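Both complexes below contain chain A, partnered by chain B and then by chain C.
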Partner chain A sequence: MATQVHDDPGARALRADRRAELMLGALVLGVLGFVLLLIVFVFREAWPSFANNGLLWFANGDDFDREIEEIFMSANLLQEPVYDFRAWPILWSTIVITTLSVVISFIAALFVSVFVVEFAPEWMRRILEPVIRLLASVPSVILGLLGVLILVPFIGEQLITDDQRREVSYVVSLSGYSLLAGVLILSLMIAPLMIAVFVDGLRSVPRGWLEGALGLGVNRWRTFWKIGVRTARPALVAGTVLATARAIGESIMLAMVCGGVGFAPNPADGLIFFLEPAKPIPAAILQASEELTSPPMRDTIFAMASILLFSSLVLSLAGWAVKQPMKKYGVRS
Partner chain B sequence: MGFLSPPPVRKLPLAGEDTARVVEPNGNGASSFVSSGRRAVASTSLAVDRMQVEELSIAYGSKLAVDSVSLPIRQGEVLALIGPSGCGKTTLLRSLNRLTELTKTASLKGRITLDGDDTATFEPTSLRRRVTMVFQQPNPFPMSVFDNVAFVLREQASRRPRKRELKGAVEDALRRAGLWDEVKHDLAHPALRLSGGQQQRLCIARALAANPEVLLLDEPCSALDPQSTQVIEDLIVQLREEVAVVIVTHNLQQAYRIADYVAFMYLGELVEYGPAEQVFGAPKQERTREYVSGAFG
Partner chain C sequence: MSVATPPAPKERRSARDSSASWRWTDRLGLAFAWVLGVMFLLITVGIVIYLMVQGIRFVKPEYFVTSPSAGFSESETGGFLDPLVGTIVVASLAMAIAFPVGLGVGVWLSEYGRPTWLARITESTVEMLAGTPSIVFALFGVLLFQHPALGLFSQSTDGVVYGRSFFAAAAMLALIALPLVVANVREGLQAIPGHVREASYAVGKTKIATTRRVLLPAARPSVVTGAMLGVGRVIGDTAVIILLLGATLKIVPAEGPVGELRGTGSTLTSFVFQNAPTGEANQPEKAFAAAFVLLAMVLILNFAMDVVVRRGRRLTWGS
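And then the complex of A and B:
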């Protein structure tokens, strides 16, 4: 029979391999190209806003919501478009809300996942794990509704005193829609995500390493802390990056419970700080998105969006950089 | 049960005494290596009972892995556990410092004592500090060579010792395990990038650093070349003065070279327990005879 070289099964498999390689490579290039285009597009649209404000774009202004209003209106009048914009209140709100909720949920998630993997009895683990996965997938608008219906009234009626209302009444009114509500619900939202990733990471720590430490007479808690958690650090980083990305990008829930007032909560107010309203970037974009028809507004919205895009790029890079030194002693050499 | 008969305290022969008194192969199939290579006992020692295994049975689920085994473990003598694969040697060894508890399906019956106290009454951590295990698969931690050995020292210290203070102890442990010369230039080397045999010796060094009273070795030489094996065997022989040593090995010559007592297990049962010369030279049980001779043709 014609035993030509091409028809020999080995060569055919080789050609199939090459084809798969080429297709995957093309796919990767396509995705990279798309991301690049996205970045270029967003930053180009955002440019007029940055160019007109310079570094003052990042500064604090008098009244964020009035600035937005004026930018929007300027398109409808026969005049030069207005670009005056001071983003500090929304930048600050994003920084505070994201940092606080990531820190809170990281600590909670670490303890819960260590407990689930190593200390919880079997029956409890069987219940906890599906519940956590379910929580991780609850749509944020539902959590926002619960926040508006339960948490916000609770904060407004039980936590805020009249004295506190009076103390800051010259700048902002306290209603219960607050930083605190946002941070609490956001933590509840991202903690399950972290727990799910942490649990997978902790579970894949080789038994032999843990038994090795136990067999040397190191107690269970220390063993899990020094060997388990240490080995699972890349998973901890990955879970934190994922959760932080979700926290930075969360719009609808935060728009619902934080008050939607362009105000930078002031740490100098002491505990009242947490009760003050806030407006993080995604919520600001969401609220302004009906006004895309106004060209200066549109540019301003893209400027806000470019900040979000930039922070998610930085976040991925930071996650990658943090993981590098961990690889040195790890399994993947 | 003949093996319970040796008295708890037994005087080992004095240096220079003819300890390598080899029992002549008695012609009915006993192994052929008994006439060569038995080490000479270097010094005197009193053998002291440290641990006692009494009617111990261990099951995984409904599957019996160790079936009512009783034997003493003495300081001053090396005990070797031999037997075909899957006969329960590792299981027995793990039960000695209650590592079997980590396997959810494992259940245990019988009693194990350490210096007369039931190990079940110990706090597991304090038991495992005294009875330390080296595993069949090398399992160095994902850290540097130095940190691997220092880990247990740091955990045992009441306050965190400085690196400088640990150096001596780490070097000593690595030297005793015969690894020092290979790693002394780069103690920061990742332990997981050592060779299999080096990892095995690192695990032994780690266990030595813990300074145990009973040392459990599960096939410590399975990945070692003859030279490193020699180092470990010398170490074991020298250790038995201060530490009770139990070693599992598939290498019968090795068991013969270093063990004072040998326990032969088969399908979870302890078939024969006795002095090495007797088990290898004049086994009482037919199954033992088959195993020690069959393995060497």
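And then the complex of A and C:
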């Protein structure tokens, strides 16, 4: 009798159900384990570079490109590997490019999404929305190609004067491959990401709140600006975090248009600052990737990558923290 | 039809609502929104039209059937058959990994999710993956696939594993597509109201059967959208390809079984990168032609996604 009960279709189905849950759970654990492996491996590989430089790793050195060269060559000679590395130029380039393009695209995305949600005529909204989605999915290498063939020559020939070239010729040569080109294209790349999240947030603002303000005689712009945008603030932060993560990690496009010179653009140079070449971390990794065969170079490259990984960990934490107050109101981002 | 219908809403713009009476800061804000909206539209449409025009000017039918080769002039260097095949192969392989895994993780998160702490960790991990730069994945791939234990996925000479192959690139690209698949599967499942599940349990279906037979078919539009978003990201990525697919533009198969997939090659993105003025080949016309083909693929994907989403809207749940 007992076996009879055991083979009853209901019990079998339940067992299958249990098995399915276990298998899915194992899959999830596998993915988690793989990600943990990724984090551990990258940081472990990066350690020698940090250990040999200490906090000076983050400092400013003499010549970034020569340091890279020496680290790379040291593996081929019969000598102690060289680890001397000062990452400030690439850190500074990343900070400047990310900050500038996030600020630019935040302002643009805020106005565009307010426009799309509230003020655009119906026909225009119908064109704008797919166009924004399309722009978000254009591969970065295509935008990089356009930058190299159109924007960079334009900056090099029209915006940079001979006086400016002469002024900084003893530190760096201005060719059009510049911070400005990188910032402009990067803003164009991350703005659609922000707009998508902003539009969702603005749409979920309760209609009654807006109607209430309109009923009090507040005009439409003021209503939407003071009530709609303020209510959607968590979505604004979430979109910005997402776009910042993308901006920090962009490698191909920036490697193509920023000049690839290990140079920290100097704000003291005035407007020339924007025309100077730069080399953000992902572009530096990409350009050094052929030198992975040299062990000390490999550790240095992984040290750069660990900075990127660390920043994405911090950003995802920030994104999580931002969502907490939203959950209280049952808002799903 | 004798049911009274409410009067049609009047045109929103009344005399009081005309912006002429607004304070100048409000008018400036509105003007700014209009200017930026129109500018955004013009820039994007401009980019797409420019690429279309350049692409149609430079793309030649024979590019689709000839392999790239070394040469001194643009007429000698061949077309982009290999990169095109490479893009398709790498995208299919990556999705073959990312789709089932993403589906499983998404189902687990939405339907099971016990214990809660594990679900929360998984959620944050997937979000972190979405924010991790692809170049970090690429470097990890180099580390992973150069390990002797994984030598069978690429070529090795004298015990030194090369670590670059279609397998390696696809595995790391799968990590890029994974968060998109998970997020969309999960969103699609969570949008299905609870009474649908209860109805299925009431006729004696188990949880897994409900998920497979009822929930997943109902969530199909989101699942397909997630997969398509994943494909879009995978075919557009360049960093992983450059680090993990090798430096050859041609597909160079390895020796042994499934040599093609263990060998090196290129994709359209790396072809564009190499042929841009900053790359090694510097043939802008070919780069434009390949960029045009790539953009066309992305456009078709976007269009297909629109169709799927619109079809999905027809299915609604009574409240």
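Throughout what follows, the second predicted complex is superposed on the first by the 282 of 333 C-alpha atoms of A that agree within 3 Å, B and C clash if a C-alpha of one lies under 4 Å from a C-alpha of the other, contacts with A are read in each partner's own complex, and residues count from 1 in each chain.
By definition in this document, contacts are C-beta pairs under 8 Å (C-beta built on N, C-alpha and C of every residue); 3 or more make two chains touch, one makes a residue touch a chain.
Everything numeric here is computed off the predicted structure, so don't read it as measured data.
Residue contacts after overlaying the shared chain place A:203 against neither chain B nor chain C. Of the two partner chains placed by superposition, only chain B is touched by A:213; chain C is not. When both complexes are overlaid on chain A, the residue A:138 reaches chain C alone and has no touch with chain B. By the touch criterion defined above, A:242 lies against chain C but remains apart from chain B after alignment on the C-alpha atoms of chain A. Contacts of A:148 after superposition on the shared chain: chain C is touched, whereas chain B is not. Look at A:25: by the touch rule set out above, it reaches chain C but stays clear of chain B. Of the two partners chain B and chain C, more residues of chain A are touched by C.
Contact with chain C, but none with chain B, is seen for A:286 once the two complexes are overlaid on the shared chain. Once the two complexes are laid over each other on the shared chain, residue contacts for A:231 go to chain B alone; chain C is not touched. After overlaying the two complexes on the shared chain, residue contacts for A:319 are found with chain C alone; chain B is out of touch. Across the superposed pair, chain B and chain C both touch chain A at residues 217, 219-220, 222. On the side of chain B, the complex with chain A involves touching residues 97, 99, 102, 104, 124-130, 132-135, 137, 139-144, 151-152, 155-156, 190-193, 203, 206-207, 210, 212.
Chain C meets chain A in the complex at residues 16-17, 19, 21-23, 26-27, 29-30, 32-34, 36-37, 40-41, 43-45, 47-48, 50-51, 101, 104-105, 107-109, 112, 118, 121-122, 124-125, 127-140, 142-144, 178, 204, 206-209, 232, 235-239, 242-243, 247, 269, 272-273, 276-278, 284, 287-288, 291, 294-295, 298-299, 301-302, 306. Those residues of chain A that touch chain C in the complex are listed here as 10, 13-14, 16-17, 20-21, 24-25, 27-28, 31-32, 35, 38, 41-42, 45, 108, 111-112, 114-116, 119-120, 124, 127-128, 130-135, 137-146, 148-149, 188, 191, 217, 219-222, 225, 241-242, 245-246, 248-252, 255-256, 260, 282, 285-286, 289-290, 292, 301-302, 305, 308-309, 312-313, 315-317, 319-320. Those residues of chain A that touch chain B in the complex are listed here as 122, 206, 208-209, 211-220, 222, 226-227, 230-231, 328-331, 333.
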